[in-house]
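Chains here go by letter, A, B, C, D, E, F and G, matching the order in which they are written, and residues are numbered from 1 within each.
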Amino acid sequence: MQSNDQQAYDRGVTVFSPDGRLYQVEYAREAVKRGSPAVGVATEEAVVFAAHARPRSPLMETDSIEKVHDLDGRLGVATAGHVADARRLVDFGRQFAQRERLRYGEPPGVEPLAKAVADRIQESTQTGGTRPFGAALLVGGVPEASPAMEGTAETDVDPRLYEIDPSGTPTEWRATAVGRGSDAVRDHLEAEYERGLDTPAGLSLALSALAESSDETPTAEEVDVAVLDEAGFDAFDRDRRETVLADAGFDGAS
Amino acid sequence: MQSNDQQAYDRGVTVFSPDGRLYQVEYAREAVKRGSPAVGVATEEAVVFAAHARPRSPLMETDSIEKVHDLDGRLGVATAGHVADARRLVDFGRQFAQRERLRYGEPPGVEPLAKAVADRIQESTQTGGTRPFGAALLVGGVPEASPAMEGTAETDVDPRLYEIDPSGTPTEWRATAVGRGSDAVRDHLEAEYERGLDTPAGLSLALSALAESSDETPTAEEVDVAVLDEAGFDAFDRDRRETVLADAGFDGAS
Amino acid sequence: MQSNDQQAYDRGVTVFSPDGRLYQVEYAREAVKRGSPAVGVATEEAVVFAAHARPRSPLMETDSIEKVHDLDGRLGVATAGHVADARRLVDFGRQFAQRERLRYGEPPGVEPLAKAVADRIQESTQTGGTRPFGAALLVGGVPEASPAMEGTAETDVDPRLYEIDPSGTPTEWRATAVGRGSDAVRDHLEAEYERGLDTPAGLSLALSALAESSDETPTAEEVDVAVLDEAGFDAFDRDRRETVLADAGFDGAS
Amino acid sequence: MQSNDQQAYDRGVTVFSPDGRLYQVEYAREAVKRGSPAVGVATEEAVVFAAHARPRSPLMETDSIEKVHDLDGRLGVATAGHVADARRLVDFGRQFAQRERLRYGEPPGVEPLAKAVADRIQESTQTGGTRPFGAALLVGGVPEASPAMEGTAETDVDPRLYEIDPSGTPTEWRATAVGRGSDAVRDHLEAEYERGLDTPAGLSLALSALAESSDETPTAEEVDVAVLDEAGFDAFDRDRRETVLADAGFDGAS
Amino acid sequence: MQSNDQQAYDRGVTVFSPDGRLYQVEYAREAVKRGSPAVGVATEEAVVFAAHARPRSPLMETDSIEKVHDLDGRLGVATAGHVADARRLVDFGRQFAQRERLRYGEPPGVEPLAKAVADRIQESTQTGGTRPFGAALLVGGVPEASPAMEGTAETDVDPRLYEIDPSGTPTEWRATAVGRGSDAVRDHLEAEYERGLDTPAGLSLALSALAESSDETPTAEEVDVAVLDEAGFDAFDRDRRETVLADAGFDGAS
Amino acid sequence: MQSNDQQAYDRGVTVFSPDGRLYQVEYAREAVKRGSPAVGVATEEAVVFAAHARPRSPLMETDSIEKVHDLDGRLGVATAGHVADARRLVDFGRQFAQRERLRYGEPPGVEPLAKAVADRIQESTQTGGTRPFGAALLVGGVPEASPAMEGTAETDVDPRLYEIDPSGTPTEWRATAVGRGSDAVRDHLEAEYERGLDTPAGLSLALSALAESSDETPTAEEVDVAVLDEAGFDAFDRDRRETVLADAGFDGAS
Amino acid sequence: MQSNDQQAYDRGVTVFSPDGRLYQVEYAREAVKRGSPAVGVATEEAVVFAAHARPRSPLMETDSIEKVHDLDGRLGVATAGHVADARRLVDFGRQFAQRERLRYGEPPGVEPLAKAVADRIQESTQTGGTRPFGAALLVGGVPEASPAMEGTAETDVDPRLYEIDPSGTPTEWRATAVGRGSDAVRDHLEAEYERGLDTPAGLSLALSALAESSDETPTAEEVDVAVLDEAGFDAFDRDRRETVLADAGFDGAS
């Protein structure tokens, strides 16, 4: 499946291949694609997260495999990929937020946080003696809207959504996905997303997009849902997950 | 049994394979599967542990090969896999608990402890110059129940059980197993476990599940049994092990 | 495509090949050539930057993939290549500028900054345990003109433009480009550039040169434009980008 | 004798093989099996050590190749395997005992000492840049008996015997052996050992078991004998060694 | 072009080959031979430098690729080879000179400076984890003549010229060259140089020697010229470069 | 001469071979066997050293290739093997003796010194990044006899002789040899040595044993002789060497 | 020229070959043999040095390639081999001498200095991450004669000459040589050297011996000559070199 030439460059993260690629980073992206998918959608007032997290067994507590995390009350993260790596990055983000809050009396903005996490990841791709993180993150925040920003003047908040990939690059999106089947999910989001979306519509969009990632209908047991808005981070319990799944046209009961 | 391509990626823990896998972590999972099995069951008031620990010789003191450990009076751990590695992780957990107790005047919760151990393990899979730990852990605790938690309101405690695997991922379970034959054990648990189980029933379930891991009938000499409840960590002596084995339908005498 | 002999020397940055080459640095240059292009033009009063930054999806916020950065109000940078690496170098430059400003009460000159960034890059090519940065930078500044400098006496500022490549070599230019298709862009600049260019003409030149890097017409959505002059760093918003694209003979609307 | 697949995993201690084994630790066990044997027997009041230590030449001082060591007056160690490695571990144990004695005013218990030595060994199997120790240890101690312990109530001391192997696992035994022919020695011990053994009987058992490790009759010159009891560590001189060999049915003179 | 035997020795700088050679240093010399040439000539009162520095593009500021550097007012350096490496060495020399001046109130002599730079280079050839510098330097100075020195009694200064090669060996010359075509340049110098040369004759000799390094006639735009004498370091501007090229028999205009 | 399997384990000192051997230590023993031989004999009142040290040329000062060293006035060392390595170990021993003397007001005993040197050597065989020492040592001392020691009651001193090999194992001898032909030398010693030997007889024995190491007759020029007794370390000059050679039946003149 | 077996052991300095050799040290000896030769002769009152140092070009200042160095006024060094390595060792010796002089108020003796340099070299052969020095040194000194030394009683000084080779072994000689053709030079010295030589005779001997190293007659331009006696270190200028060459039977003019 690969040639000898490629092998020569992909065993250590610290070298470029002759055509200027970093294979270990590309393989870490494959680790992300092996993970269950997560979707983020920025609506007019909120960032909506939906993620697939199928328990391996009915005896597993589904809370313990959550894919969407409250970082700080004002920041949320969804992850895909190597679970243990993702946990370390979520912890890193949480500690960064706490440190900033202690220092400045307020939580960090979503952009500084996304950049701090991205820096941490980029280091893992350049410094010797470590491998890249096999995880991608969606980071959401709802800073107060600045009047000067275009197209957000109607509301008091300016919901923002960042994706951070295994190379350590942060990019901002209106709606995107990471993990298994994310190309199909993103196609669905590109086709259906409209600016000015309200939050219920955003939830339905996120869930219907997530459904594109596999052949199976999402169920309340296997889906994580959270809304981050001016009121803070709100993780949906099973009843509410069933409701929003029904709203999105799925029979959410498992 | 394996191709040249695979060999290229599994000799160092710090690299991903082209399809995004970490082979060294997968081989550490094999080391766990080579170890004698351990079962954990969360009942209404307790976490029950049962583990297989066959002495290599009648001259070996069976206490010295114990598989179930009292961490702190309020936390228990059962292990499977490379014995020396498991010991280090149990020691790490014990020291973490003592440090927390000194700092806060009370033992850590089961979740913080499980996460601290999981972090220690994840580091061993990413940092250069070390190999993963070839051991998996079941960590149990009986924190006081918070009223808000669903399904635990009837009792004063909220028994919780975590599994930590060689990748450093903690997951919460109602009942699970690690080590040799753990798939068969877990099938048995999935078939027989019911919420609201009392502790005697939990003990019987743990022992009958453990029996699925091999063709031999468990005996009082070769099985470790412990119950962690509001009263603390209680390791069963041989007489009581014989009793619970008999209760579970086995002739516990060896 | 390459011989065994070459392979022997290109896996580690710290060795010379028999003919005195550093292959890892050359491969990092390939990483630059894979990145979207950036153009810099020094005019009579300003440094003009134009860069191609095509969003991967209509849902991606184009601001988050900006290729032209305000370092310090008086210094600007455009980048090409591995995005995460470029970000680190931009951050390094920003921190250097802040440190100098704190120390001396004024921002650093463009030359000291370019040399500091170049030193940082050269270290990455000689020190063990790290790879080169897969990015090239255009650094611009508008120091006050010194009377003694030839050909700049007519204005109060002396716009200067440096290119820094993956070997860590800074070179000064009147107009140049980095990234995909930069050879074609530079050919265009060499043919069309004239000393004494005013800024609107410089903007048109930068955009028409950038257009040489690919077969597609540049659009306001996919192009970053900024002007650095005595008044400071000025990043153009979409309306102004459309205007200058139209001035340059393109239909800038996307 | 071994396949290419195996070779791939046994050259560095820090990697698991695909089936979850640590070959370097297994090879260190082979180094132990190449060393002359040592036997430990816990009697009612003492731990008895006997070890084979054949001098390479009649000119060699047999004291200098002693295999049984007084750690601290209250703790004894017998070793097998790579001699220089064993010496380092004995020294480590001795220093640990002294440190504990300084800190607490009394020597460490046999279990803490065995665990400290085991930790030191386990580290050598996980950390990069070092090899495992090619030695196994038998550690004995005679702590005061606690009334709660089963089967030891008749005496004032509770003799305990630990084996520590090259993986860093400590196990407790009533009687065991390490080194060349230890399987045969242990078979003999299993067949002949009885609880409640007095010390003279223990000495005879240890010597007759040791005799199983080779075809040659043990002689006073080639055997180390020591008894650790409430009175302390007592290494037998040649006359007493001849006596106990005679008691065990051997003609101890050499 | 090279055998397998050679390959075994040229991948790391820290090993000798069986015939006692350091291939990495020899390859660094190749890097020097790939760089544009520089010539140094010691005359009766001065050290004259001339160097070829062809801009890659007419848009490149030729000042930014200067090959002759004023170190300290009393010391000059010309370089050939890997540009980024040469810059580091020039910076090192400049800092050494500043440090000495701070410490002793006067600039260092040319010999101590040359030796300090040479030490820095030698270290790079022996210490692990680094490669040699791919650059050679010509260092000139005009210390006051000591009466005791032979052949310099007629003037007040004693112009001295050192070459430092990639092995870190400093050698003193009356006239020499580094870089592409330096063998041909040096042949010319050997044929034409005479002791007691005055500075105008030295300039002509340097330029005619430089012309031997390639087939093209040197032009004022592509040549760096500087004179270091008792009055200090004097870099020629373009007009003066045209004049001295004409004096040397070239039509210096470009 | 060796198989591929062996090659796999002998290139780094830090790994065991599948049969539990450390090849690098065994090769260091070969380095010892390539060195000229040294003999030590403990007599009733002294330790006698004799060593072969053939000068490479008549112009070489034989003192500078001495093989027997006065460590401290009360301790002596003879060496065989890689000369530069042996020198470092002798220096280490000398510094250890000085440090102990400063600390306790008296020189260290021969056993502590031998163990300190042995520890230093053992470390070189286990820690990464270094090779074993290619040298073996004979260390002698004349501590005051303790009445309790058997067989030494007749005299006031208790001469002791240790051999330290490249694995870092110290062993005590009455008489032994290291270096080229040491097996033959030791055979001779075993055949001829008797307890209670006086020093002149010990000298003769040492020299006749040394003669067994090669086909040539030892001469005063090529042999080092020293006696360490209660009076201190006494290196014989050439005249006395001729005398003792004659006493031993050789014509010592060269 | 070499087999596969040898290759396996000569790529890293830190391993022994199966027959106990250190190939990297042997290759460093080859580097010495590639260097121009140096001769040292101890006379009754002095140490005489002569060395071949052919300039690569008639324009090269021969002073800058000197092979004989004044360390401290009372100590001299001649070198052969890799020039940059030799320079580092000469510097090390010079610094050692200065440090000792500061500490004790007098320069170090020749033996301590030779041993300090030898230690520095030995370390480079055992510690990982560095290569041996590719240089050999002749170190001379003229300490005051101690009456007890044999054969030096007639004069007030005791001239001593040490050779230090790439293994880090110091040996003392009456006369010896290092570098290209040193075997032939030493044969000449052995044939012609006589104890009690006065210094003019020593100079002639050194020069005639040096002439044996090549087919060409030594000339004043290509030979370094120095005498170290009670009066200090005296480097000969060209006139005196011509004189002593003529005295030695050569036509010293070049």
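As a working rule, a contact is a pair of C-beta atoms (placed from the backbone, for glycine too) under 8 Å apart; a residue touches a chain by one contact, two chains touch by 3 or more.
Keep in mind that what you see is a predicted model, and the values were worked out from it rather than measured.
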For chain G, the least number of touch steps when starting out from chain B: 3
Shortest walk length in steps over touching chains, chain A through to chain D: 2
Chain copies touching (chain F, chain G) - same or different residues, decided at half shared: different
C-alpha-based rotation, chain A on chain G, 0 to 180 degrees, nearest 5: 155
Rounded Å distance, chain B centre to chain C centre (Cα mean): 56
For chain A paired with chain C, centre-to-centre distance based on mean C-alpha positions, whole Å: 31
Chain centre separation in whole Å, for chain E relative to chain D (CA means): 70
Of all residues in chain A, the ones touching two or more other chains: 12-13, 128-129
Going from chain C towards chain E, every chain in order around the ring: C, E, G, F, D, B, A
Interfacial residue positions of chain C with respect to chain A in the complex: 1-2, 7, 10-13, 23-24, 27-34, 56-61, 63-65, 82-85, 87-88, 91, 124, 128-134, 237
In the complex with chain G, residue positions of chain E that touch it: 5, 8-9, 13-22, 115, 118-119, 121-122, 125-129, 150, 160, 162, 167-176, 186, 189-190, 193
